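Take a look at the following structure, please.
Chain nomenclature is as follows: A, B and C, assigned in order of appearance, with residue numbering initiated at 1 for each chain independently.
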Amino acid sequence: MEWFSQQLINGLALGSIYALIALGYSMVYGVLRFINFAHSDVLMLGAYAAFFIAPAIEKIIPLPSLTGALLVTLLSALICAGIGILIEFLAYRPLRSRPKLTVLITAIGVSLFIEFTCQHKAVFGADTKPFPQLLPATDFHLAGLVVSSNDLVVVLVTALLLAGLWFIVHKTKNGMAMRAVSFNQQAAALMGVNINRIIAFTFGLGSALAAVAGILYALKAPGIEPLMGVQPGIRAFIAAVLGGIGNLPGATLGGLLLGLLETFAGGISGLSSYRDGIAFAILILILLFKPAGLLGKATVEKV
Amino acid sequence: MPSTINLQPSTALAGAKRWLLAGIVLAVVVSLFSAQFNRYYLGIAIDCGISIILAVSLNLINGHTGQFSLGHAGFMAVGGYSAAKLTLVCSPMVPDSLKPLLFLVALVLGGCVAAVIGLGVGVPSLRLKGDYLAIVTLGFGEIIRVVVQNMESVGAASGLKGIPKYTTLGWTFALAAVTIYVIASLVNSTYGRGFIAVNDDEVAASSMGINPVRYKVTAFVIGAFFAGVAGGLYAHHKQFLSPTGFDFLKSIDIVVMVILGGMGRTVGVIIAAILLTLLPEVLRQFADYRMIIYALLIIGLMMLRPQGLFTMGQKKKGAAAV
Amino acid sequence: MKNNLLSSQADVQRVAESKDGICALDQAIKRGLLLSLVIGGGILGLSGCGPGGGGDTILVGEFASLTGKEATFGISSHEGTLLAIEELNAAGGVLGKKLELKTEDDQSKAGEPANVVNKLISKDGVVAILGEVASSRSLEAAPICQQNGIPMISPASTNPKVTETGDFIFRVCFIDPFQGTVMANFATNTLKAKKVAVFTDVKSDYSKGLAKFFKEGFTKTGGQIVSELDFNGGDKDFKAQLTAIKSAAPDAVFVPGYYTDVALICIQAKQLGLDVPLIGGDGWESDTLVKIGGGAVEGHYFSTHYSSDAGSPKVTAFVAAYKKRYNGKLPDAMAALGYDSAMFLADAIKRAGSTEGAKMRDALAATKEFDAVTGKIAINGQRDAVKSAVILQVKGGAFKFVETVAP
């Protein structure tokens, strides 16, 4: 029982990170209908931004501290939002009216470009760098169970950001415009929605989310390197599809489910070596029964 | 051997097939002198041939039939490992004169095993579309990698070593030609128009009496078969297989070839396969900047030639390009 | 919603512009094939390029993972190798000639080593190959070196299979069976452990090899393996497995992995309250382990090739030179082994008096005692280095010498 409860905690903590990354994937997909492969690299850039900002902030506010961590995260999120908007402007906007596959390959190109540029020794270098402790960390021991404060922070932040995103998408004017663009780009443009501005806004928001996720991921595993985004990126992509891509609560659900599955598979001797495969196998099974994901709406093709 | 391929030119494609025949003959002639070539260039030429088979076979699934598959490296792995295991077990028992036959049997076996797996992947594709299908095929590819990584009989994580070097330039290009020929003929046959019909409009196709289910599964099975053959060639070319070589990034490489070449346009895809195999090698002289330039070139090409690199004319609806 | 991936607009456009489909198509095919023939001819035509080097330099090839997942180890070994070459040249070179190091990146990717090594040998004309850290990539390159009769020295591939490829393949590190047994004996004799859990990186042949020989050695001494779990190198979350290990209540945990993963494992083990010694192999050795792991790696043990506080003048000189060359960076085990592989090759060239493949091979194989940074090396019949291992403990943020284990 104790084993089970502990694994439940571990799984939820891992799943929350996946969920947070999946939110960014899902949002961009919801508006533009294409998978932004570079999302996982923006996540990495977010962690590196914090890595370089932290020593500067430390001169004003001592780290680890809550205010310091907030400030570092905010600045990194802003930087990444800028990077996201820049990527959209330079690489994706010129291809807006092209087939989606063209944009997909461009996204892969952008992803490779960021990864290899960052691995160059004049940029970050390919080696692993120790990530600074931004938040005071303690472990809470409860009846034989251990909950680390970082994990609690991750769960909390994910919940807050999901709520915030839901608010933005459903209750603000920008959000309404985002939904309009997602529903029908041309019609939205005819209704006076500034498509370019809304898409740039979506990318900025998604990239800021990626930066937050990157920093939380780096707090959990404090070694950062230019390829750190690849593995969680794929997981989050699976999570987003699992939940029904384009659907924000679905992305969260998918992330949590994937985290739990991986954790329970990983905790069993003999199964742990198949951990990567098991997550996929269950994903495939679920998609066979729910082809549009858990919360996605199945669309019937009309003639 | 390749000259025994039965070429029956149909009117629209007669020119193309003559060129194809010329290509095969050239490859075979060139391979006769392969001992004189620098091994590095020879190796790359073989890599190009293998890439062609992979890209053309994926083109059947992704390009002609319009199913988005991200698991081609998985089929390649299955074919490669099956073929390599067979030759490793059998080659000590087979006299030298029969080695080419053994190799052929191994390649076909690799292709068939991969085709069976392709059937397994093709069936879910009946219910899934677009990104959902992409993620499922990616998942299949990763599952195959994880399973291989845990199979001690094929070396698990440390890889399968000591595979005999059977792959030559002649074998590779002859098989590349067979792949191109089979897939092009298939797509251009009366039966094969169904692939394009399914791609263009599934509902319309099924109302015309075309069974989309059968076409999709056929595309997966045939595509997987040739990917398996390519895997066998790869195994006997590199003489070493390790599961990490077949991760999803390898699949992405092949997808990039297909899209860069122009979905459903075989010639473009062939040239893109050659180009994308040569490019990283040509860029080696830039050392540290090599992959950065490579990434920029992909972005630049997509901006300048989004319809595919080598599509001079527009694809006519309903007529597949060779 | 018919097709997410293709915009319908583009489709419409395509139909509209496709009047001369077949004609344009035929042309496209011809031009395309012509182009491919030109490209193909280009490659084959270039094959006339002769080998480089020659004259008054000796060209040595190195392949390493300078980018990609395992870049951090490849860069270390490359830096060590480069330092050795520079030192050799500063001291006048070998056989009166300067050494020139030609390095190629294999991106930590399977399939690349074959191309890279083929290029180094056939295009650049190197006389010997140094590399790789990862056994799986050394295994890919080995048959090519063997077929070309070019000696290959791997700095850090510990899998026994690597040198089985042929008589041109050598290494300067010890092999998995030795290191696995060393740690098994250490667990039994020094730690007095009866029950041990093993936590293996399934993606890495290095880790699997060490785990296998550790398990054999440990059960032979009467110990019991209470739990066996796996992770994938590059994972960031190990809590699932560590929770399972904790519930098996072992006296120690054997974690044969690389320091990037091990540091995170130590942190998460500490968080979960798994307060037993963690022990591992030479993959642990790097000051990054302490930088990332901080207090969590304190008190754990690992075996490695040398100890920088052992006080041998050779080690002190190497550490000082490395720090000077790379802005105060401390060398890790990979850097030391990279350095040794180049020095070992230079020594063999001197003894052979030639850069002819077979002569270098014979000189390498005849090595009885080569004084390397990582200890005295003798080459045995399997072309593996026979050398002693040291066991270190992390204490106060540094690696403290515990004991030396002779082969």
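Rule of thumb we're sticking to: contacts are C-beta pairs under 8 Å (C-beta built on N, C-alpha and C of every residue); 3 or more make two chains touch, one makes a residue touch a chain.
Nothing here was measured: the structure is a model prediction, and the numbers come from that model.
Chemist: Trace the shortest chain of touching neighbours from chain A to chain B and give its length in steps.
Modeler: Graph distance in the chain contact network comes out at 1.
Chemist: Is the C-beta contact count larger for A-C or for B-C?
Modeler: Higher C-beta contact count between the two pairs: B-C.
Chemist: In angstrom, rounded to a whole number, how far apart do the mean CA points of chain B and chain C lie?
Modeler: 31
Chemist: Which positions in chain B touch two or more other chains at once?
Modeler: Within chain B, residues 129, 131, 149-150, 202-203, 288, 291 contact more than one other chain.
Chemist: By residue number and range, which residues of chain A touch two or more other chains?
Modeler: 98-99, 101, 104, 116, 273, 276, 301
Chemist: If you look at chain C, which of its residues touch at least two other chains?
Modeler: Counting only residues that touch two or more other chains, chain C contributes 2, 4-6, 66-67, 202.
Chemist: Which stretch or stretches of chain C touch chain A in the complex?
Modeler: 1-2, 4-7, 9-10, 66-69, 71-72, 75, 200, 202, 227-232, 234-237, 239-241, 243-244, 247, 260, 263-264, 267, 271-273, 288, 291-292
Chemist: What does chain A use to touch chain C in their complex?
Modeler: So the residues of chain A in touch with chain C come to 2-3, 6-7, 10-11, 13-14, 33, 97-101, 104, 116, 119, 125-128, 130-131, 139, 141, 146, 148, 217, 220-223, 225, 227-228, 231-232, 262-270, 272-273, 275-276, 299, 301.
Chemist: Name, in rising order, each residue of chain B that touches chain C in their complex.
Modeler: 12, 15-16, 19-20, 22-23, 26, 30, 37-45, 47-48, 66, 68, 129-131, 149-150, 156-159, 161-162, 165, 201-203, 234, 237-242, 244-246, 249, 265, 267-268, 270-271, 274-275, 278, 281, 284, 287-288, 290-291, 310-317, 319, 321-322
Chemist: Can you list the chain A residues touching chain B in their complex?
Modeler: Touching chain B from chain A are residues 29, 35, 91, 94-95, 98-99, 101-102, 104-106, 108-110, 112-113, 116-117, 120-121, 234, 237-238, 241, 245, 273-274, 276-277, 280-281, 283-284, 287-288, 291-293, 301, 303.
Chemist: Would you pull the chain B residues touching chain A in the complex into a rising list?
Modeler: Answer in residue numbers: 124, 127-129, 131-132, 135-136, 138-140, 142-143, 145-147, 149-150, 202-204, 207, 248, 252, 255-256, 259-260, 263, 288-289, 291-292, 294-296, 298-299, 302-303, 306.
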